[in-house]
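To keep things simple, chains are lettered A, B, C and D as they appear, and every chain counts its residues starting from 1.
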Amino acid sequence: MPGFLDKLLKILQSRRGKDMRFLCRHLLSQRGEASQTALAQEIINTYAAMDSTQRTRFYKMLSSEFSPDTKVLHRAAANYLEDPNETNLSLLSAAVEPPRQELLRRINTAPRGTETLVAIRKHLLDLSVKSPDISPLDADLRHLFRSWFNRGFLTLRSISWQTSALILEKLIHYESVHEINGWPDLRRRLQADRRCFAFFHPALIDEPIIFVEVALANGLTGDLERLLDVNTPVLTSDKVNTAIFYSINNCLDGLRGIPFGNFLIKQVVVELAAEFPNMKNFCTLSPLPRFSKALLDTHDEHGFTPRRLSALLSDYAATLTAAARRRGPVEAFFLLLEQPVANRDVLAAPLSRLAFAYLTEARQNGKVPDPVASFHLSNGARLEGINAFGNLRPYGLKASFGITINYRYVPDELEENHERFVTAGQIRISDALSREREIVKKAWHQDQA
Amino acid sequence: MPGFLDKLLKILQSRRGKDMRFLCRHLLSQRGEASQTALAQEIINTYAAMDSTQRTRFYKMLSSEFSPDTKVLHRAAANYLEDPNETNLSLLSAAVEPPRQELLRRINTAPRGTETLVAIRKHLLDLSVKSPDISPLDADLRHLFRSWFNRGFLTLRSISWQTSALILEKLIHYESVHEINGWPDLRRRLQADRRCFAFFHPALIDEPIIFVEVALANGLTGDLERLLDVNTPVLTSDKVNTAIFYSINNCLDGLRGIPFGNFLIKQVVVELAAEFPNMKNFCTLSPLPRFSKALLDTHDEHGFTPRRLSALLSDYAATLTAAARRRGPVEAFFLLLEQPVANRDVLAAPLSRLAFAYLTEARQNGKVPDPVASFHLSNGARLEGINAFGNLRPYGLKASFGITINYRYVPDELEENHERFVTAGQIRISDALSREREIVKKAWHQDQA
Amino acid sequence: MPGFLDKLLKILQSRRGKDMRFLCRHLLSQRGEASQTALAQEIINTYAAMDSTQRTRFYKMLSSEFSPDTKVLHRAAANYLEDPNETNLSLLSAAVEPPRQELLRRINTAPRGTETLVAIRKHLLDLSVKSPDISPLDADLRHLFRSWFNRGFLTLRSISWQTSALILEKLIHYESVHEINGWPDLRRRLQADRRCFAFFHPALIDEPIIFVEVALANGLTGDLERLLDVNTPVLTSDKVNTAIFYSINNCLDGLRGIPFGNFLIKQVVVELAAEFPNMKNFCTLSPLPRFSKALLDTHDEHGFTPRRLSALLSDYAATLTAAARRRGPVEAFFLLLEQPVANRDVLAAPLSRLAFAYLTEARQNGKVPDPVASFHLSNGARLEGINAFGNLRPYGLKASFGITINYRYVPDELEENHERFVTAGQIRISDALSREREIVKKAWHQDQA
Amino acid sequence: MPGFLDKLLKILQSRRGKDMRFLCRHLLSQRGEASQTALAQEIINTYAAMDSTQRTRFYKMLSSEFSPDTKVLHRAAANYLEDPNETNLSLLSAAVEPPRQELLRRINTAPRGTETLVAIRKHLLDLSVKSPDISPLDADLRHLFRSWFNRGFLTLRSISWQTSALILEKLIHYESVHEINGWPDLRRRLQADRRCFAFFHPALIDEPIIFVEVALANGLTGDLERLLDVNTPVLTSDKVNTAIFYSINNCLDGLRGIPFGNFLIKQVVVELAAEFPNMKNFCTLSPLPRFSKALLDTHDEHGFTPRRLSALLSDYAATLTAAARRRGPVEAFFLLLEQPVANRDVLAAPLSRLAFAYLTEARQNGKVPDPVASFHLSNGARLEGINAFGNLRPYGLKASFGITINYRYVPDELEENHERFVTAGQIRISDALSREREIVKKAWHQDQA
């Protein structure tokens, strides 16, 4: 008997799924226009009650059925080609826009509409098999979000211990760079020598979109532990001269690909410069998350080939081989790297050089392979410092062999740095690193000589 | 010499105009991406300093220079026609979107961006000569505004005497249906038996987008003076059973064509129904702004032809001719209409009938010619009442010969009424008016029998 | 019959009055303790419904019936005199406190309690015949208010055009120094080069207690019109170096005698100094409201006796007699004073001297007779300037013969000035006025030589 | 040498102590009036820097030196005795008020003044040896606080997960009835079927004065664990019919003796009744904190004498002696009580009876000995239920042998219950308990028969 009931339930549920087709058509119809908000509400509620199978079916239905009218579009394209005047252009433009976009805009008219659409895109992106059947829906959502989540509609809020627990709890949840270990950890990150800023969108109440955590320090550091330790004494504001951006997190998966971080960092620089007229430095303390993987992959001809490793490590050959009791420095290096912390004194210098080489020389399809580096450099930041064993936490050792990077934001040079990086792949480097650069360059390209 | 100085100034100013081209190109370029907000700010400031000549030139520049790349678009259209697959569709879609839209989105990233773009569209629409040279810019602004000013991003706020003077002052400024004569008049409109609601957009601080004024009454009235008189006693809330929407105003010319009124009225109905569980009636007290003009134009074959007038007025022939000492009732009617208030006893019934005929029978290109009627009927409201001499104020007499109309919003029938009206031009009418309708119909179409 | 009904109504009303005795006793009783808030609410409502006769009776009842228990107090006083130990002191202290105070504190527990008690004191003070029968009630209210309206419980708020109309309307109502002529006048007083600050008390929502209006100016002025004229151009903030306090108003009559003004001015000086680091001067532009009356009263031996007038005016004898075609300068002066504005050129200097003499030499019971002068000088301000015809408005001419005074607040000298003034009647005077002071002193006291 | 430095430091610090005498005299003086706020600020800062020895000295100084002028008071008392008229009364009243009160009022004028005064009283009460030297200061602070913390000046705020972490953290700190075990525990106490309300005072920002925690339940329970368990499912609001006040906490020791709890509970009853029209029951779930101690003290002739115990337990003699293998039920009872949870089945009934007897019959100086019982009963609540083993947490077993009590607030009977309890010691009891009452009474007073 339960088999029968299950079946019945499935049928009812699938009918509910059919209802969605009806509801969506109705919402787009002439008749539905008078009760958009109510219909949109019903679509939102129905969606919330769907299981994952129904959702996938729903996405496919939206992707296939609310596309541009092929006939109309053909005619418009043909007419435009025949006579490319303003009217035909505008008719073509209208014909190419899928009705799906208007449908999504109408769903947005109900309370929690934006929230639901962002959730839909999250679910969509979560689907393990990326189906081309649903990419039109993804494209339309992305198109709308780029417009709706324009910087002009975001508001910056300072997050502090005065903020509601509801929002603070979300920071704990969303922080993925340096995990927040409960409320006492969060509390330390919000004390007088720390700052946290987030972007919010008016349609997503109590929901941070992206946030950045900043440590106010006396001088730059590459040592993460000094920033994160709950027991670090609180610095008084008169001693502060450096702002260290040590964590930046996008919160909503549904907004993937919509750029906020660039705007957030620059806005926070402006805020902090206003609050602390004596602030000299705006830097990050960042991971190099793909460094370990790249270093261990000696088969990538664009990466750390044995020959390059050998050249890069040659300056440290004596100490490495002595420490590891091995003949070749490369072999010695990798042996020592199996216990990086124990061998930190010997490894610090060679690791820094390799990280530097990775950042400045390694390219994949002409691009900087590390996403964090790529983000800050394309924002116009310069490469300020490389710190061996700056992050001794397990995840830091695993992904970056403990390396931390300081990128520095110098307002006056952002535009030029950005352009050079984006158009020519050039990286601006601090003076302190310039000699090292020559060495690295030579070592990397020795075979080309 | 002043001539020389003027000339120099002009040159400098025109160069400033050229700067705008540079700034806009820069903002759209790779290089400009890193400093979008700063560039956008400069464009906004430069625009604010422009005179009207420069502005017009700026609009033309934007309209002509930031359009889709013709070659790319041609190729995309041709490819799509050849092989209308998903990829080609998406390439065509990308090719048809003018870079102008991205430019406008980037201008929006700076503070006051939205405000400036809305102002630009206002100025654009204000231009006396509608130039086709600027319609692409208008189309793009309109496209963006439809998306940005989606109902889901608007917040409803109740306006009261507790609201800031800054906002209240704007109500005085924007009210154009029934002018607010200074602060005491406004104060009466915000007392305990009145309500005022407005939509706001988060990016336009302290700026109402649209607002509606409501009188809470005991029973429906068509008499405007009872609502507007500053000395009308305040009704206690236990006696309230009818909400009369007596004025609705769009505030920002730059948002013309973006529909808010529909959403506002329906949301306010929901709010008032929640506050007053005993509220039975949600009606408007509206003008019939094109009635006078239509009545006096006896040459329009779709309107009040002499034959129709004669038929419509035949029931009142005796009283009209007696009062005006004229033989024909039509002639008598128009004579009396020269002093409508003095002759209100005689004119009330015939004017009501004519107004009714105008609403239900007169059509221009198949459409109801009066914009207010068209708005409420297409929202799904029904025609509830017609009141002769409901508005004796000069503008009321001039435009509507004193006629006021009650449209009624009955939540359950909105969707059906809307559909019938929009698709078939049918108007839902209150039972009380149904007999009159037959008379009017017969009189209007007598010649067709 | 109506006579009978009236009678009945009176009886009912008077019984309601009796109820108040019952309610008050009940509220103070053991039994009433459990429902203090409800009982207090009933007392508040009953009071609100009382007419003035009932109120007066109520005040008398409270004054006579809720006084200390005479027997207990006698015993406590006798015991204390016999053995003045700590216990007897504390018993005496308890015995002398009238139960009325506890009653008033309990009335205060209900919503609008504070508002009602402040209103009661206002009504009390308004009573034309000051009856000793009600002074105990007044004394107790005053005692409580001094404690409740302690500076520590007041909050300073900046009032601007962003403030609610509800509060702004009250400013218009309460302003009594320089009447606010409607909303446009108020608007000018709240623009970018004006400031307005008020104290609020948390228990009196939306009710300013006291407020001060400040003009931000470039240099000090004694000319009121430049400050009040609605069309005066708005000064940009970079040109501001002087803050002129031109109007300060207590709002609630019921709080008469509770000092706020002193605290308000000093707090506002602190606020403005923080906002404008370059602000050099904090001055008032004040009336001299009893000057006219004093000047015309030549029979007051402590005031402007004919001999003193003659001596004070002797320097101006020639111009006065020439202008008035009179022999004696005093006679000439008073004749010209009948049309002060017409004769302003001749009168300006002598009027200034007389005003100066009035401020610095005239004393009533050893005190400065002008209340505004007394207020600022006892706050520690110095006398900075005297301006003839600074206020040409009718009330300014009538009360002060157009004289305006600048008192200046110099933070560092406030304490010393205050002490000298309060203990020795000494007035600190600006250097510019010091020579004039010698002349005036000599003229005033010539007969003593 | 360090000895010398220490000495010097002590001298300097003690001089700082002397400064306080000077500062306080200065603040009360004529001269100090002009700079009250600044002087008060300095006193506050100086106090904050004091160690406990200095503080004690400071309290003694305030207590001895700012008392009423003995001579003036003697004269006023004598005059009043001679002629007890209104004037002499008012002079006596003025003479008996210690200048200390005015001093404290002036200290309150500075920012953080109220906070400091409340802290002073806390420190005062903390002093291990209660010195009569400081009781005058305590009396004056208490006198002022009774006036300043009048119910009319307190605001009720609902505390939720939306509240700032700063305030929530304080709840965790101040909760002393049922400890909050970190943020997840707190979170459960703020979910949809829980409420928390607190009183705040406007001068103590972000500082709750007193708060109450309420569980919304379906039916009354005496079982604490069901309320406190973090994993208890959240009840939907349609099922709620009973509000259970399970914890009420005063936050500021410095306000000891100022009554808030009474007002808070009644206000919260009003709030919940408005939110849930179907709420039938407003009850507490309270401890009986002195029950264990009273039960074990068989030597108190007003308490559980062996004879009374024997009589009260006689009904349960059989089961008790069987379970404990002892002859006498009293002896058996106490043996079983050594492991109360293990023997809960046998102990439940006898423990309930003893708790009931303790509440209704045991008296100390004619008063109910349990403070929680005394609080609720004198608020006018009735005794609704007694629950054996309602609280199995260690502190519950230790203090109350696991007993929990339900007191019920029935709005209509509060006043009468309060009066009977306060004047005659009578306790209102639920009908369900009335038969038990007769048994208990008889058993307790058997020897009087």
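Convention: contacts are C-beta pairs under 8 Å (C-beta built on N, C-alpha and C of every residue); 3 or more make two chains touch, one makes a residue touch a chain.
These figures come from a predicted structure and were not determined experimentally.
Common neighbours of chain A and chain B, by the contact definition above: there are none. Averaged C-alpha coordinates put the centre of chain B at 52 Å from the centre of chain C. Chain A and chain C have Cα centroids separated by 63 Å.
Chain centres here are Cα averages; for chain C and chain D they lie 43 Å apart. Of all residues in chain A, none touches two or more other chains. Working note: touching chain pairs come out as A-B, A-D, B-C, C-D. On the side of chain C, the complex with chain B involves touching residues 161-166, 168-169, 182-183, 187, 206.
Partner chain C is touched in their complex by these residues of chain D: 30-37, 67-68, 70, 73-74, 77-78, 80-81, 84, 86, 89-90, 92-93, 96-97, 105, 108-111, 113-114, 132, 135-136, 139, 144, 146-148, 150-153, 155, 202-203, 262-263, 266-267, 379-380, 414-419, 422-423.
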